[in-house]
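One chain, subunit A, links the two complexes that follow: it is found with subunit B in the first and with subunit C in the second.
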Partner chain A sequence: MDFYFGLAQIIGVHTLLGLSAYIVLLTGQVSMAQAGFFAVGAYAAGMLTVLAGWAILPALAASSLLGAAVACAVGFPALRVKGLMLVIATLAFGEAVRLFFFNFDYQVARGGVKLGPLGGEGFRQIRYFPENGWTTMQVMLFIWIFVVLVMAILWWLDRSRYGAVLRAVGEDELAAQSVGINLTAVKVSAMTIGGAIAGLGGGIYAHYTTHIEHASFGILLATFALAYPILGGLGSVFGTVVAAIFVQGFLVEGLRFLGDWRNLLFGALIVLAMNLRPKGFLDAPTLRWIRRVFGGKRGAA
Partner chain B sequence: MALLELKSVSRHFGGVRAVDGLDLVIEPGQIFGLIGPNGSGKSTTVNLITGLFPLTSGSIVFQNEDLEKLPTHLRLQTGIARTFQNIRLFGQLTAWQNLWVAQNSPADWAKRGFFSRWLGGQSGVREEISQLLEFSGLAHRQDELAANLAFGEQRRLELARALATRPKLILLDEPAAGMNTEEIGQLRERILKIRAQGTTVLLVEHVMELVMGVTDRIAVLNFGQKIAEGTPVEVQADAAVRKAYLGGGE
Partner chain C sequence: MKKIALKGITAAVALAFAAGGALAQEKTIKIAGFGAKSGVVRSFGINSEAAMLAAADQINKAGGVALADGSKAKIKIDYYDDRCTAEEGISVARRMAGTDALVGVGPTCSNVAEPLFGILQKKAGDASDSGLQFPIFSDVAIKGGLARISEWSFRNVPNEMTMYSSMFYWLKQKHPEMKTVFGGVEEDFAHSRATWYVVMKDRAAANGYTIAGETKWLLADTNFATQVREMKKANADVVAISAHPFSTCGVLKEMQRQGVKPKLLVGLTSTSSLETMQGCAKQAEGMMIPTSFAPVNKEGKAAADATAKFKGSADLHSMAAWENMFILKQVMESEKISGNPKDVQADRRKIRDGLAKLKVTKGLLGDTKRTEDREADKPYLFVQAKGGNWVVLHNPL
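== the complex of A and B ==
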């Protein structure tokens, strides 16, 4: 059973990562920086619980705030460029963050043992959960409380006027400006919210793996962050969680019995999925069908 | 006192003088026509007034305020709205949502707090949007995605979206393009109603039956320069205008 709880933990954290890219994608911005914010959150939360002795909740709040602050600071210069230029700019930022942690040493002796990030060896012994006797199931539930909470907030934001404004900017920046929408404010705020979610996800990730290193936060993770909302569809936050389950649950874990053939099939199945569902798993007709079946009368969103 | 004043406004793209030393004065309550052959600088003038690109020289004054430093979204908040020659709606939003996101006027700021302005849901703002949809004959289409509307409906929705910003001056960039005679008649009624509600109109148009029938005053552009200005009757009689439109040797 612990295997499935562990899998659910991975899916939960990856869903958070995907949601952080989702809100930025709504404004039409393709950001490869989400893994960078995730890394910042992971190291910050780990250092707070291990070195500063904080409890998990304040540490996660701090990692989330730090993720938001970094994203806001990156957003102002980065969002002046668009399209492929933005992809390159955010990719460069993500790599800069990764290399920063590759070179980052900050070790403190605790009871004869040196703890803290140690460059390329990473940051070991983030043992808040085991030290406090949490079971795998408890950690899994803890993670999913945050996933559900973040999804609920994003779902609500999506239906608010702010959500419509985000989508308006994503559709046509020129028209959005011409009806009085401040593009900078909208894009930077979306980036900031995305950074907060990625920082939170990173903080949780550091604690359930207990060991983080720079190599985990590379281009592959940044690509996964974008793949979830795109595979799942940008019509609703639920697409992202469906895609995270599909990729992590089915493609990564479910196909393990295939051995070395798995990686080949992995790529092929993603290509197949995108061809069969070009607008994502939960595209507009599917969402309408779900609303009809589950009795939502107002189809306004 | 003039509502909008362009003082020797120029905009050059490389060697092309798209707008060249243009002076215009638009009085409050006017329906002002801007006509001219293709490429004469009409749309560029609209883009300069809304701030899509900077002036090469000259200045634009709106309600005694120099617009030069204001970015586009703030110009709208001073009361300038526009429609586009090639329709630019938010296609994946519904007709209703297209109007919802356009409610950015300072009057809307004052009426609602931050919370209901940005984070609020769809209740409580229904009335004004319903009125605008009614005005545009789109009430029955409010939940349709803008991309799925027919061409004429999209034009009407774009006009309604500009009105949702509560403009003092509305810039209509060829609103009759592609419309049939009956639709042009309806558009004309709408333009007159917009003026009756106190909004000044700058109408850029090729369709002469609309321009001549609805405007108080017309300026004619050719190669970025104003070649004539006056009432519709005066402009129609002007020799330079005839030459620009009908051709003829220099």
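== the complex of A and C ==
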């Protein structure tokens, strides 16, 4: 059973990563910086529990805040450009963060052993969970509490006036601006919320893997962050979790028995999924159908 | 006549059931292997799996593993691909621990070994630590000092510090006129990076060489013009390349293109493999590497031949997997494991304790000393690339 709990942990962390990109995508912006915010959160939370001896909750709160602060700082200059230029700008930021941690050494002696980030060799022994006796199931539940919380907040935001503003900017910037919407404020706020979620996810990731290194936060992770909401559909926050289950649960873990064929099928199945569901797994008709089935009369109306 | 035929059929059915029952009672010991079987370093996993299957085949043909009750069990290998990624390595470890596998052999990548050992229980028997209690006996992941992360982790990989210390000492004695070393390092791979900065550079300097400089590249790089230009400019007597076969070959080809010919060429221990010979035998000609395996004796040749039958090649890494299988057989027998499905966790603990007790193990090049921190001190020799093969250059032991 531990294996399935472990798998649920991975899916949970990747869902948070996907949700961090989801809110930015709602504004029509394609950000490749999410892996960078995720890395910032991972290193920050790891250093706080291992080197400063903090408990996990305040460490995750700090990693989330730091992720938000970095995203906000990046958002102002980066969001002055859009489209492909924004992709390049955020990609450059992500690589800059990765290279920063590649060269970042900060080790402190603890009981005769040096702990902390050591450049390219990474940061090992982030063992808060096992050292405090957390079982795999408890860690899984802990992660999913955050996933559900974040999804609930995003779901609520999506239904609020703020959510309508985000989608308006995403649909047509010019039209949104013409009705008085402050584009910079909307985009930067979305980026900041995305950074907070990525920072939180990164903090959890560091404690789940117990070892982090720069190579874990590269372009591939940034691509995955974007792939989840796109594959799942931007119509609903639930699409991202469906996509994370599809990629991590089915493509990565479910097809492991296929050996070398798994890698070939991985790409092919994603292409197939995008062709069959061009608007994502949970597109508008599917969401209407779900509402009709589960929502009773109100949903049908 | 009808009666005789009926009796015959009844007897045949009874025999078939008896045979089936005997087969059903035959015990199996599961050993899980895991490593990269896809991606840039896929050859490590493919070769390790082949070596494990070949060793298991040999053990099974000799009767199998003796159990506590006096019966014998056959070994079954399940091999998992972790794609050399930390997340997948952890997932594979949890999957293995969820089966009735008694021990894991792997992983192939140090960046997987570090997080994987991190999720294991740090001190065996520490009830306050909820880490995974599953013995892992590494064959390939070679970055220094990893086994000390958990008391459930063990390694049978060579000690690079000892090997390169010996190599630079020998080179200094043999070629005292050579004074300078220039390093080339595959910067983003945990093992090659650590080997240059912590081992090669340090050991070269300790043996009287002046470090003339260093240049860096990445595992996936395909253009090495700038790095080789730096190498050319330094004009060092010795060029030491701490990189895996894929980028080593790229650099060597670029060195040939730019006409860079150092007096001596030293390589990373993992590069003393078939991949280098397949990728750039001509350019690697003369390269010297310390390694913990070469098919120089009867046992080594037999192990290499057996591995080839399972479509793998023998090198220092895959032959460590071969050795691990025989060490595990010895431990399982000495610790008297039961092999019963209900005793899986108890058997795992016995294997862990048995591995921890070992002081010396038998290897293909001779005896291997086991250290207090669950590492190996393996015998080694120096090989050199010559005419498309790795030939023994010197045996320092």
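Just so it is clear, the second predicted complex is superposed on the first by the 295 of 301 C-alpha atoms of A that agree within 3 Å, B and C clash if a C-alpha of one lies under 4 Å from a C-alpha of the other, contacts with A are read in each partner's own complex, and residues count from 1 in each chain.
Everything that follows uses one rule, which is that a residue touches a chain if its C-beta (ideal position, glycine included) is under 8 Å from a C-beta of that chain, and two chains touch if they have at least 3 such contacts.
Here the structure is a predicted model, which means the values were calculated and not measured.
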item: First (subunit B), second (subunit C), both or neither touched by A:R167; value: first
item: Contacts of A:D2 with subunit B and subunit C, given as first, second, both or neither; value: second
item: Superposition-derived comparison: subunit B or subunit C, residues of subunit A touched; value: C
item: First, second, both or neither for A:R159, with subunit B first and subunit C second; value: first
item: Which superposed partner A:V179 touches (first subunit B, second subunit C, both, neither); value: first
item: Subunit C-contacting residues of subunit A that also contact subunit B; value: none
item: Subunit A-facing residues of subunit C, complex; value: 37-39, 42, 80-81, 83, 86-88, 90-92, 94-95, 97-98, 111, 114-115, 118-119, 121-122, 128-132, 143, 149, 187-188, 190, 193-194
item: Interface residues, subunit A side, partner subunit C - complex; value: 1-3, 6-7, 10, 102, 120-122, 124-127, 129-136, 208-211, 213-216, 252-253, 256, 259-260, 262-263
item: Residue ranges of subunit B in contact with subunit A within the complex; value: 50, 52, 71-73, 76-77, 81-82, 84, 88-94, 96-98, 100-102, 104-105, 117-122, 143, 161-162, 164-165
item: Of all residues in subunit A, those that touch subunit B in their complex; value: 157, 159-162, 164-165, 167-168, 171-172, 174-183, 299-300
